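Each of the next two complexes has chain A plus one more chain, namely chain B in the first and chain C in the second.
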Partner chain A sequence: MRLAEQPRELLDRTQPVSVLFRGSPVPAFAGDSIGSALYGAGQRVFSRSFKYHRPRGLLCCSGHCANCMMTVDGVPNVRVCVEPVRNGVRVEPQNVRGSLENDLMAVTDKVGGPFTPVGFYYRTMIRPRRLWPLYEKFLRNAAGLGAVDKHAGRTRRFDTENRQVDTLVIGGGTAGLAAAREAASRGEHVVLVDEGPEPVAGQPCEVLAPARAIGIYEGNLVPVDAGPTLVRFRAGRIVVATGALEQPLLFPGNDLVGVMLPGGVRRLVDLWSLRPGKRAVVIAADEGSLGIVDELARGGTEVARVVDLRSERLGRIVARGRRGHLVRVELDGERIDCDLLVASGGRQPAYSLLAQVGARVEYDANRGIFVPTDLPEGIEAVGAVTGDVGDAAVPAATYNGAGTKGKCFACICEDVTDKDVKRAIAEGFDSIELAKRYTTVTMGPCQGKLCHLPSIRLYARETEAPEAEIGTTTARPPWTPVSLGVLAGRPHEPAKRTSMHHRHKDLGAKVMWTGAWRRPHSYGDPPAEAKAVHDSLGVIDVSTLGKLIVRGPDAAAFLERLYPNRYGDMKADRIRYGVLGTDGGRIMDDGTIARLDEDTFYVTTTSTGADTVIEWFEWWNAVWHLDVDVTNVTGALAAVNVAGPNARELMRRLTDLDVSNEALSYLDARRTHVAGAPTLILRIGFVGELGYELHFPSPFGVHVLDAILEQGADLGVRPFGLEPQRILRLEKQHILVGQDTDSESNALSASMPWIVKWDKDDFVGKWSLEQVRERGIYERLVGFELADAIPGVPLEGGQVVIGGRPGGRITSARWSPELGRVIGMAWVPPALARDGAEFAIKMNGGVEKARVRLSPFFDPEGGHLRS
Partner chain B sequence: MTNLDFLSLGAARAAVARSSLHRRLEDAGAEFAERDGWLVAVRVPGEEDHVPAIRDVTHLHRVREGAAGAVIEFRAPGREPVVVERRWNGSLDELLDVSAGTAALQIEGPGATQVLARMTELDLSELPVVGQVAHTRAWVIRDGEESYRLVFGQEFGHYLWEVAVDAAEPLGGGPGGTP
Partner chain C sequence: MSFLLPCPNCGPRDVNEFAYQGEVTTRPKESPTLRELTSYLYFRRNVAGVQREWWYHRHGCQAWFQAERDTRTNEVLLTELPRAPEGEGAPGAGATPAVGENPAV
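Let's look at the complex of A and B:
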């Protein structure tokens, strides 16, 4: 029933709104919570409990317990008691079969008890094992907390924001406000966060509300859940003012609809102007809670009986209900009819955040509460959380006696009764951490806010050990349930794109990931793209190659030490292929090295190896301290490779430089302008045809590519992607480091013994390679063809079979449109590394014959490359 | 010293330069004009309402890097070059111009600090600094009270622009031109 305007009400009665509950409109005002709106319309059952499906009503009205959880606009597990109304919001109950008033699953309450005691799932529904899927389905349907809308995940937006402040105050009550005001007056940058629903009085500083601190992490990091934003605070000083939490009493019927905590009743009356019941009984252990009598009077509720546990001893409390609603309270036999029981067993400091960050917790036996102490540096506590809760009586562990019927709940969220706790102790789970995990007390949505202290008290009595000895369980974040979306924030997945990327997409490229790069796999027809390189002209974007400028008087000496190759004798404007090795003589990367002049070299690396190679160069430079400077220009330069019989004619059209075969031969480097852009031309041939690799500043990427496509149009130019490139390079048996080689491959086993110049001074890996040379190699990388024309291409990574056992593996395999057959590369025993030798490979579910080819499949003499 | 002009944007004869943010601005409907050999987005429709504004300032920046450290300059009257990294005490004259390898964007206007706070954990009261911005490495430089510039590898241009505009939109921001 809605009361006349209350002095501190949050309602704006000039703004009526409508809530859609179970499809029907429920009237409310702006300032209502969904829970207060439903309560005002007469709704008393808000949910059905987790295991027994018992009806549950409003209890705390502060978003701590689980009693009011409903699904709001498709989002499950919303505590409607503090969720602000919005016009037209759709609210549905959850975890019921039938209705809130008539849940068919409530049969578990009547029948289930004996079959579902604590830990029953460790004993029942295990055998026969093949029926587990059935048991699981049954259990999942019988218990639970709401259902996730599988499609909603992509429609809600969550942001993450990072803030650095001098002081962060958590909690906007009296003590928190005072601390914030004090810090602000000292000129500190202060922010105060409060979980609501009461508004924070005054504005001592910047206030974030409603906002919940999730935990305190190392480095004074406090993530705060502020609705759709996660605000990550780094604070010089954290002041915890989280107050103290009212604790329920344990007695039969303590979960009935109509049993409430004083704070819950206070909010109903003060904030939302609602009458909490017709006739009430009050049982409280402290002065503050007893003050609820005033609110009840203002709310027009008749107060039938007040019990101050500080002065009056009670032995037995029983709450009786009809269909789950409170109708009567019995106090040591005295029967009082009522529909509201305000029961509180004192206030427990909300120390969890302090415990997370390292504070100790001590039991104060006089007041029956746990109090934080030994706060670490940079963390302060003020107000009720320090234990300053005033004079209070210590309630009994339970108020039921032998023979009293009715479930007495120790943990309302998880439906754990006092009998369950006793049984757990009897089964041997008598330490608080073990017992918690076995009974699941404190593991529900309230995370111990309403049940940790009462359950410890119960343990103390049952095990006859003092509370101080039992202690508390470890406090861990999140202190309050938080949605995964808030923790995930925005998906920031870095992707690298070349300066020509969008032109590729304009041309119909199918884009794939290679490492963090987005690259064209092909432009829709890999075989045709590969064929175009052989027949006319192809162009591929190779901007992703790693590129290093190595310069200085010791540049040549530096490279001599790093590579097994020889570089000191290179002439200017010439290029050599290089294979970079590890200390262990293993192949790490490959690429080209161009000498620009006496002191300057231009080194390229594989795309995916770029970062590793650059680090490797810088590391060795720091070790050797040679007079050389290494500059990473990978991103600064774009690169394209134009290849095919018409490549020279294209180059003639794009540059003034003499590009005849005599003036610019295979493995020459030239610096000039191409299409008006300053360019380094490398005449190399990864794809086996006459080709030029053009390196120029990235911002000219689109300009140069467009010029190539325009000038090459009548030359049959065709862009090609990574897939056709793989076919072409395989025709030449050009290795791909990491594909054809692994961490054990060395230059000798990979069939490149000519790379290693044994007469050089020491280079990285030299000693290891000498050992390998002496010891001999265990495997050889060879090319192969299929002996017979059969359909299918062998799997890369597939097995080579020798004598019925695995004897090697296939590293690359493709069908070549130019050659009209399947080609590949594989590791085989050295004895088989002869032209024409046959071996078996696993393929098509059986075994096929392959034949070794030691020289390139296409143009073995390299005539095309050198033309 | 050899001729490393093939690294230099200034050595172009008749080639027009585009920043790696170009296509994003094109998609936003920008008007382009040529400035110093660059195609610059001078105006974006709706930019008057985009506060803070996200602008492409790649064409206005210069980065020189080498063993001795790194220096970033922005071409604007009265702006001093910002030395963002100092490795060892070598001469800064020997640095290579690697501007072609970096792109730059500006977040400018009321709310810029909040937008940037949604992209990085870096302490924005201690700039300039190099560190992680949206999981990539970037230099963050302060331009004014609510104005920042990010300088980063140009290959991340498309990505960081998307992150910045996405962070700015719920706060009333959006793309702006660089007149």
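Let's look at the complex of A and C:
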């Protein structure tokens, strides 16, 4: 079955492996490709063609054409001719009904011809329109490639790697290797990319193989598909050594199983020690292709006839088949029985990557090939890709004499025949770009590697225009088919967890996403958790708050320029609320600012705003050059908020500091130790009760939380999550930036005019706010409550209805167990911004009445906060 | 878009490491008219040619810097850290280049 050991063979005959083809084991050796293993086992039909479902076999054996695409381990469209075997790999044919040998859909080849000419889907199956879904379903099933298994889980991971090199060499042939060696000898960092499967070993540079350059992009960026990894090379210099591609000849039956390109046959014999056929005919246009005669002899194939197109002019070639397999070749009437026809129309430089970066492509009429010229700076070409392919005969556009039956394919991937091309021209598609789009020639998986030149030759003959005038179609990436996974890379779902995260889970937390943070939504009972804060004591993890230290002689001046209110007059150990705005006056974030000493401020931001705020601070100071440093300590510090009537008693137990209301008043800040941990205490009250926000080094997280739960056990302490926090803050009408405000909100419309200090010389947003003050606001953020008896809670984002028309929107709404009614916040016309004003909101399938309330629903005087 | 941008601190790096923040604009000196204010906030020159612009090395040294880039070719002619304002800068003083309306996101 296998030949004797060949000098360049890749097989390790000591290592037998097994391929599962359609469920049956096929023997192979390590070093085989799946394709060579199947070929060795006698498989000749590898696929069914795109449109006519004709049997197709190995053609190029280089991973270029679509003839050997199968589904491998659930992955569709794998070119098995170059896919290495793995023991137990599952291989299934695709795009067939029945088997490869008996595909029921092959009927389209027999009778479909007259009904499915080029572009038939543009003209037929249009009426009746309502049947299109049916037509489409049929077409999609009939034509096409492999199917993606929608139910398959993620089976593979893909990664992206970014690299910079001095020189990137694409192609590991003789010329590419020489270029790589030469660059390496100059001490450059060189990477050589080769598509394999032949090894490129022992080089003085890094070799990436098997791998394929997808394209060349702006700035010498070359993404390389290296299996599970997309390597994005940024190269100082790119050497393109992609060689040349053997071109098929056009004659009736040129797609039969048994018609191969010389390179394919060479690989079967040399790399995998396979006998390519019993009796062969060779037709070649250049010296290199004629050399295949030696391989055939070594492979034990009888060579019945050799045609050198340079000296022998053929008028007509016909390949005859039986059940899709080649049985006979007719050369100008001379009949030769054979099962292998090695045919090549010469080699075309693989210039596509060069054309992508702007190289000009010229037609060389003497050799009938397109050659790249005028390479841009930083790009070089060596070897056959430059046009160095030797002398060759220019083959005829087609070899089908008049009246010959049988299909002659210009594009094997897309099943486009010479007749289709002629018809497109007759229909008026008189530019090669238009004809390409209409016929889809060159648009299949080979991306024109095997059909670009033949189709231009055919086009030239039919339009009687020279090839040079017709030109080529535009080369675009990707040059080789790429799986979407490679482009998508590894799915990144970063999650941030606080240092207390696992204790929350122990406590039964229901965890939710807030931005990239994972936070407790609640510990099972939001109303009860909210009630504990009002009645006794609650604790919530607020480590997610952004925390910045702003330090320097200009720190106070810096904050005064950024925020609309004052900081210069603050005493040390005091806290102020701040709303950060843009120069357009829009609210971007909010938080508290504590002055620790003359030069140091501790700034908190919203949980999702930390990065934005620090960038904002740095940006402005890049202009101002104030003497101030901003340090992000968000991850370094953890924080909890303990709140409730029993909070002071708890603090008394946890710290030696005097925490009496006189010594540590509302909006005081103090640095001390709490439960042994160095802590900054901020006495603030987002949730409306007496509260202390404790900021301490993250590693103390679990320790401090445990101490609070232990010391507070008899005080009725209960951990609470985000949901109860949202109820509690709504009772106080404390806004959530991004929830209650949007990109149009400003401090005046958000009902915080008191925060703007108009007498300051300047601050970011001052002028815009002055304009707003002058022209008035269009809407205002107000609190509202529903009349007691209304069931349900309105949707956040729901409509405010005024006079039967949309007149505003609800931003927050919750049932408050403490108040026993539904409360919320909404944007309404300014005329409604007065206590007791009524408006309608859309809910419960109709509208319900809501009443405006401008002051906090709970504890409007703030007695609880200050107690 | 795919080119290398020389960060003044880190040297040439892939452009994906940076955040682009638009043209360098000039903040009005004091109490601008509505027209001056809106053109500062919302109007950009949008040149086809060399433009001075803001970049932030977000996935690197986290420095803000300015570049001169040809918007037609993405050729970067120059990058530098912003210069200190001339003279003692009261807020908004001098022809200080300043950032625009959009927050640094």
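Simple rule for what comes next: the second predicted complex is superposed on the first by the 746 of 867 C-alpha atoms of A that agree within 3 Å, B and C clash if a C-alpha of one lies under 4 Å from a C-alpha of the other, contacts with A are read in each partner's own complex, and residues count from 1 in each chain.
Going forward, contacts are C-beta pairs under 8 Å (C-beta built on N, C-alpha and C of every residue); 3 or more make two chains touch, one makes a residue touch a chain.
None of the values given here were measured: they were computed from a predicted structure.
State whether A:E744 touches chain B only (first), chain C only (second), both chains, or neither.
neither
Counting residues of chain A in contact, which comes out ahead: chain B or chain C?
B
Is A:D569 contacted by the first partner chain B, the second partner chain C, both or neither?
neither
Does chain B (first) or chain C (second) touch A:F763, or do both, or does neither?
Second partner only, chain C.
With both complexes superposed on chain A, which partner does A:L596 reach: first (chain B), second (chain C), both or neither?
Touch partner of A:L596: chain B, not chain C.
So, does A:T679 touch the first partner chain B, the second partner chain C, both, or neither?
first
One more residue to check, A:T582. First (chain B), second (chain C), both or neither?
second
Quick one: is A:N162 in contact with chain B, with chain C, with both, or with neither? Answer first, second, both or neither.
Touch partners of A:N162: chain B and chain C.
When the two structures are overlaid on chain A, which partner does A:H501 contact: first (chain B), second (chain C), both, or neither?
After superposition on chain A, A:H501 lies in contact with chain B alone.
Intersection of chain A residues contacting chain B with those contacting chain C?
162, 232, 234
Quick check on the complex: what are the chain B residues that touch chain A?
On the chain B side, the touching residues are 1-9, 11-20, 22-23, 38, 58, 65-67, 94, 96, 98-102, 114, 117-118, 120-125, 134-136, 153-159, 163, 166-167, 170.
Tell me, which parts of chain C touch chain A in their complex?
That would be residues 1-4, 14, 19, 21, 27-28, 30-32, 34, 37, 40-41, 54, 56, 58, 62-65, 74, 81-82, 84-85, 89-92, 96-105 of chain C.
Applying the document's contact rule, which stretches of chain A touch chain C when the two form their complex?
162, 217-219, 221, 232, 234, 561, 582-584, 586, 588, 612, 615-616, 618-620, 622-625, 761-763, 767-768, 770-771
Chain B touches which residues of chain A in the complex?
It is residues 157, 159-164, 232, 234, 490, 492-499, 501-502, 517, 549, 551, 596-597, 599-600, 629, 631-637, 671, 673, 675-680, 695-704 of chain A that touch chain B.
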